[in-house]
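Below are structures written as structure tokens.
In the two complexes below, chain A is the common chain; its partner is chain B in one and chain C in the other.
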Partner chain A sequence: MAHQAHSYHMVDPSPWPIFGAAAALLTTSGLTMWFHYNTPYLLIMGLISTALVMLQWWRDIVRESTFQGHHTPTVQKGLRYGMVLFITSEAFFFLGFFWAFFHSSLAPTPELGGQWPPVGITPLNPMDVPLLNTAILLASGVTVTWAHHSIMEANRKQAIQALALTVLLGFYFTALQAMEYYEAPFSIADGVYGSTFFVATGFHGLHVIIGSTFLLVCLLRLIKYHFTPKHHFGFEAAAWYWHFVDVVWLFLYMTIYWWGS
Partner chain B sequence: QGLKPLVPTESPAPIFGTSKPPSEAEAFLGKNKVPDLQKVFQRSDGLPVHLKRGVPDRLLYRTTMALTIGGTIYCLVALYIASQPKNK
Partner chain C sequence: MAALGRLSRLLLGTAAPRSPPARGMAAAAHEGGGARMWKTLTFVVALPGVAVCMLNSYLKAQHREHERPEFVPYTHLRIRTKRFPWGDGNKTLFHNPHVNPLPTGYED
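On to the complex of A and B.
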């Protein structure tokens, strides 16, 4: 039987990339059909197939690493580079929305009454739920670091407790933010204030949900003994992503919620 | 013969340290099944990793394929219909 003479991972042929591309086609064209022809079927097929592809692709990565041992230090280095590049691209994504916010708020037009917040907008009190949300995310940053140290010290019970607490804090943030959205005295249709507020905080909220899901998967893997004190990159990637989500919120809080009120 | 002691001389049953330490089968929140799974996924059966577990993998794979390929055909049909000019 031939063995490879290098430390890279030559993956088995996989259908997920092409199915993923097809799922993206169905989701985007499904959005079009829903918007213009009021039929949601294509969109639903797109969302379900996207979810199925993500599930199976990531399941296969766990199989290749934890069960088949393909993630050598060389492979892990590549994954680290990949995650860093991905998070950097996300940072640029948010930069765009912050740019839009400052474009409109630094020099408010006469249509807005020459002021920020515009005439007629009652902004949310930054010392109310938004401050609680800030505390929640900062605390979750502490708990995820606690979980990391517990994993490295082979302390199973504490690692599970700390990571579970992190996930709960993440869901608590989402629940509070959903309530804030429902109770807000302004909507996305309320001029450029509404647009910048809900698009920026909305995409952030989506990233909180993604990050919480990633951490939840890590929690399940932690309980199933997938991580070792020396090798737990999936968890580290989730923790990096979570810290990124936290930092974006801090910027959102300081600029849109506080300075912008 | 001798006087029967009023107080029993054997030491009383121990109170501390009597619970047995968690054995391998009772570890916190389930036991480690990773070595068994490693055996399953390292079988030389020529199967690619996405089908390695047999029936459940095949089911999910076929469902995903049906949705994506069927959906792509539906998408092309819908786009063809949508591109027809509206007759006034």
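On to the complex of A and C.
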């Protein structure tokens, strides 16, 4: 069998890209069916197929890298570019929602009572649970860095401890936010205040869940000896994503929670 | 612009095996002490900070007597342009009957 005369990874044919596209189509059209025709079945099929594609595609990447050794430094460099570009695109995604918030809050219309927060809205106290949530995410940034250094220093026990702590902090944040959502005296239907608040913090919360899941997968892989002190890009990507989630929260906290109250 | 180049080199350069001393605050201060410093920061700064904020929230919750604002049927709030795709279509996803009034007022 011939060896490749280059350091790139020519991936074997895979069904996941086209299945992923099909899953995305099922999900989007399913959402339309649910909203406008009151049937959730297409959406459920879409969400399940999306989850299955993600599980199997990423499982295959772990097989190609950890078990088959295809991730040369060149390949890793490409993955780094990819993750950086993806996170950049996510930053622009959130930028849009911050734009919407400032559009409505800097010049509140007469319909809102000419003030921000609008008449009739009692905003959450930024010095209460939101402050705790800030401390939690900042702490998780410290623990994930501890985990990273532990991995680089081949300290398995500490790496597992630190990464587990990071995941727990992530779950704690999500639990507190869910409680805040339930206890809030205003809802998403409360005009532009509710819309900007819940869409921005809601997408952030979704990213916290995604980031926590990514970190959890890394924890499981760490326990199963997938990472080496010099090669652990999956973990680095998860850590970058997690720091991004933390930074978005800091902006949310300073603008919507604090300035916006 | 130059900063962008430096940032991308920092993020991408770690693909190749590093030779000591590496970039980064930990290695500069003391060899191999990186993890220890972040562990110390975790247990001395980060987690106590979380604990203090937890205490703060707990104390705030204690002396809060659950004042519920009076219901005023403002037209710019509790908007119902389209029914929600769940339940009776009139309640938001995280509806809390005690603190969230419907367009017609509190349920209880």
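The rule is short, and it goes like this: the second predicted complex is superposed on the first by the 261 of 261 C-alpha atoms of A that agree within 3 Å, B and C clash if a C-alpha of one lies under 4 Å from a C-alpha of the other, contacts with A are read in each partner's own complex, and residues count from 1 in each chain.
To be clear about the criterion, contacts are C-beta pairs under 8 Å (C-beta built on N, C-alpha and C of every residue); 3 or more make two chains touch, one makes a residue touch a chain.
Source: prediction; values computed, not measured.
Applying the stated clash criterion after superposition on chain A shows that chain B and chain C can sit side by side. In the superposed pair of complexes, A:Ile160 makes contact with chain B only, with no contact to chain C.
Judged by the touch definition given at the top, the superposed model places A:Leu131 against chain C, while chain B stays out of reach. Of the two partner chains placed by superposition, only chain C is touched by A:Trp146; chain B is not.
When the two structures are aligned on the shared chain, A:Ile121 is found in touch with chain C, with no touch to chain B. Residue contacts after overlaying the shared chain place A:Thr66 against chain B, while chain C stays out of touching range. When the shared chain is aligned, chain B comes close enough to touch A:His226, but chain C does not. In the superposed pair of complexes, A:Val84 makes contact with chain C only, with no contact to chain B. Of the two partners, chain B and chain C, it is C that touches more residues of chain A. Between chain B and chain C the least C-alpha distance in the superposed model amounts to 18 Å. Within the complex, the chain C residues that touch chain A are 8, 11-12, 14-18, 26, 32, 34-35, 37-39, 41-42, 45-47, 49-50, 52-54, 56-57, 60, 68-69, 72, 74-80, 85, 92-96, 99-100. Across the complex, chain B is touched by residues 1, 11-16, 19, 22-23, 25-26, 29-30, 33, 36-37, 41-42, 45-46, 48-49, 52-53, 55-56, 60, 63-64, 66-69, 156-157, 160, 223-226 of chain A. Of all residues in chain B, those touching chain A in their complex are 28-30, 32-34, 37-38, 40-42, 44, 48-50, 52, 60-61, 63-65, 67-72, 74-75, 78-79, 82. Contacts from chain A toward chain C in the complex involve residues 34-35, 38, 40, 73-74, 76-77, 80-81, 84, 111-113, 118-122, 125, 127-129, 131-132, 134-136, 138-139, 142-143, 145-146, 149-150, 152-153, 155, 158, 162, 165, 169, 178, 181-191, 194, 230, 233, 236.
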